[in-house]
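Two complexes come next, and they have one chain in common, chain A, joined by chain B in the first and chain C in the second.
Our next item is the complex of A and B:
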């Protein structure tokens, strides 16, 4: 069975590879985004050296790294799941002796590996050439960041799954998926680091899973959070991963009794 | 008695359907307070299917066929009632249960669109944990039977419907399931592929004892395959039994068409069959007439009266009862119980015809 799951990763990877041309434009779009935020932050900093604990150099690196991390963990599983529910093809998934959500996770991971190798890595090289990004030199930071990146993928995927599964309960969850995308980008700290949020909001963020996707790992990678506290960050990610399993399983169970296969 | 493959008791499925109110005002109201109405798709049905049987499951669109199949395969959770398939309660032990069944949805592909057929099969082998040797053996057998040889390396999206459907069948059988559910397996296929698939299914049933439950709108599928028919209407079973039974029960008589050498009158014809109760004549034009006789009257008796007379007969055609007509009549009447007049329209030109030339 494990080999079947590995196959789902492999097949999705190969499929993405077949459509890789679509992603070349993505690299450029990400580079433009990073550039826009880079210049915006330059303007905000003006002649100040430190804002909310970030130096200009740290901020540049933060912007580049968080966007590139997004290139990896981002996926459209919410849309895929919602579409399969809406057009009824989820029925076909349920006649197979596997867990539908596990298969979706594997497919998402196949996409993630593709994005890492053909999107994030080349994108990072380009960004490093264009902007003054300073990457850490300690291999330990790199190692722990890779693990955190994997958890960022898991948590983001879990949120996507939850959003997608809502298609079982509402006729059209398009609006919800868009809202989710904006919320994840904003609250995970891709757009603005959470340290810049007003006090009450950044406190609220401590109780939400979003910052575990981008802000916390990127803070470790840019050196704002010292390596000694990195284990705590990883712990937060693991806790969110486990906690998010609960609503997913509950939603899934509720959905099974409500399932109404559309189109006969 | 053989073990039951499918055992269904008072099975019911209700759906909550959202009511959309009309107009802008309605849309606004819907925004704040949704109205739902309950739709009962399957209403307390009960039936058993023993192992090794091929059973046809028919009914109009929306009669609840697909919903039943989806409950039997563990996709939908029943609202109430008992359900055991292969000894499992499908929706409770789904992952274990589905290993023993095969399912084909005529209107949905279960192959992976972007990869080659053989890759799909390989993936299914892993999903169902079929040992390599068994897989090889079964694949070779199925490929030969359904003549898939040259299709195996094509991507699924490049297959024609007929080719795809044959591949779907293989996909549903690779793990040697003991029960096969087919939801409109021949929809949209040409007659050659249909025949091929029917032959194949018959063979599967004979050699491996596979229990087959199929829904279809093509009654020829039923005639070719099924020893038993379950007919559904508006969520209820209105007939459960043999196909021949269905025919003889709901066909009330036959029609014999005559072509005469010279013009005849209805009165003349009526006098010929005087004394045979229920026989009636309709004159189609001067030289052609149709005699309708109820089942209680022997065809030979009625024929003898006409042939033995002095009328000049050019041709005689006996119109056989046709399942399509019977089923259509039952559908239209809503229930097999109440409808006896169903038998009114029971002829068909493709059926047996005898010719007598004078």
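Our next item is the complex of A and C:
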């Protein structure tokens, strides 16, 4: 049974590989966005050395790494699930002897491996050549960051699944998916590190899963969060991973009983 | 006159199709605004840490952002051709367009009209009004026609650039990632261009003139800065006409190469 799931990873990876050319322009787009924020932050810092606990050098690294992490963890599982619900192909999948959600996760993982190897890594190399990004020298930081990156992927995928599953309950969740995308980008800290948010908002963020996707891991990677606190960060990620399983499974249970296919 | 009545018919048609899904309409408007809102939130958040961005105050940067939203919303209303290559070339719908007498670009843009984008323009005007109140500047009556003229120039720049880029699909059938590329580059135009390196500034002013859709025309209404971008503001309509002419030329030449779909 396990080998079937592994095959889903492999197939999705190969499928993505066939369309790899589409992702070359993606690298340029991410580099452009990183560039825009790099210059903005340079101007925002001006003569100041430290803002919200970030030095200028750390901020540059933060911008580069957070965008490139997004290049890895980003996927369209929400749209895939919603489309399969809407066109009814989910019904066929429900009678197959596998867990639909696990298959989706595996497919997302296949895409993730592709994105890591052919998008994030080459993108990171290019960005490091273009901008003064300072990477950590301690191998322990790298090791724990990779684990955190994996959990960032899991949590983001869970949020995507939850959004996609809402297609069971509403006829069109297109707007919801778009809003989710904006909210995740903002609240995960890709656009602005959460430390910059006004007090009440950053307190609110502590109680939401989004910061575990980008802000917390990247803050460790840039050195703003010392390595001694890194285990706590990892703990937060693990907790969110477990907590998010609950609404997904509940939604899934409620959803299967009310599949409503439009057109079919 | 024909074009005006055609426009009205297309608009009625649009309304009829959209009224079937009323809730979607508002959700689309809301998510559009949220999309724009993130940039505004970015500006508001960073100005808690600093007083100026390359010599521009918070109210000024917000004003520029408000201005940026106006032509962008109008452009978004009349130019929604992001899947042009797929729908009109690969599927051959261009055949239908070309058998009709009205100009093909006019038909194609109106078929894909997206009026909800206009809400962004209204919000932009609102943002400009609010930050204007904070800026404490003199308001002349001729600012209104001036703003309309500069907005028109900015819309023409968008139209020209994206028309030319969309027309690329007449020349090459490989999917080009150039449209999303451009979409991301234009974000540079909403912030003071003096914060960028010299090369980027040159590109944004003279090659891909995205500085002319935001920061340059908006600076016309604000206090003079030391690098005096406002002196370029009056060139906005001229740049618009030139860029649009280029775009139209690339399009018209491209349409001649259209061969229809196989089936």
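Following the convention adopted for this analysis, the second predicted complex is superposed on the first by the 263 of 264 C-alpha atoms of A that agree within 3 Å, B and C clash if a C-alpha of one lies under 4 Å from a C-alpha of the other, contacts with A are read in each partner's own complex, and residues count from 1 in each chain.
Heads up, the rule we're going with is that a residue touches a chain if its C-beta (ideal position, glycine included) is under 8 Å from a C-beta of that chain, and two chains touch if they have at least 3 such contacts.
Treat the numbers as computed from the prediction; the structure is a model and nothing was measured.
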Query raised in the report: Quick one: chain B and chain C on chain A, clash or fit?
Result: fit
Query raised in the report: For the overlay on chain A, what angle lies at chain A between chain B and chain C, C-alpha centres, nearest 10°?
Result: 90
Report task. Applying the touch criterion given at the start, work out whether A:257 contacts chain B, chain C, both or neither, answering first, second, both or neither. Result -> first
Requested in this report: Answer with first, second, both or neither: which of chain B and chain C does A:29 touch in the superposed model?
Outcome: second
Query raised in the report: With the two structures laid over each other on chain A, which partner does A:178 touch: chain B (first), chain C (second), both, or neither?
Result: second
Report task. Could you tell me if A:18 is touching chain B, chain C, both of them or neither one (first, second, both, neither)? Result -> first
Query - Residue contacts on chain A - larger count, chain B or chain C - result: C
Requested in this report: Considering only the touch criterion stated at the top, classify A:198 as touching first (chain B), second (chain C), both, or neither.
Outcome: second
Query raised in the report: After superposition on the shared chain, which partner residues are touched by A:242: those of chain B (first), chain C (second), both, or neither?
Result: neither
Query raised in the report: Between chain B and chain C, what minimal C-alpha to C-alpha distance in angstrom results from the superposition?
Result: 5
Report summary line: chain C contacts chain A in the complex at 21, 23-24, 27-28, 30-31, 34-35, 37-38, 41-42, 45-46, 48-50, 52-54, 175-178, 180-181, 184-185, 187-188, 191-192, 195-197, 200
Query raised in the report: What residues on chain A touch chain C, complex-wise?
Result: 22, 24-26, 28-29, 32-33, 35-36, 39-40, 42-46, 48, 51-52, 172, 174-176, 178-179, 182-183, 185-186, 191-192, 196-198
Query raised in the report: Which positions of chain A touch chain B when the two form their complex?
Result: 1, 3-4, 7-8, 11, 14-15, 18, 88-89, 91-92, 94-99, 171, 256-261, 263-264
Query - Contact set on chain B toward chain A in their complex - result: 15-16, 18, 61, 66, 70, 73-77, 91, 94-96, 98-99, 101, 103, 105, 107-110, 112, 114-115, 119, 122-123, 126-129
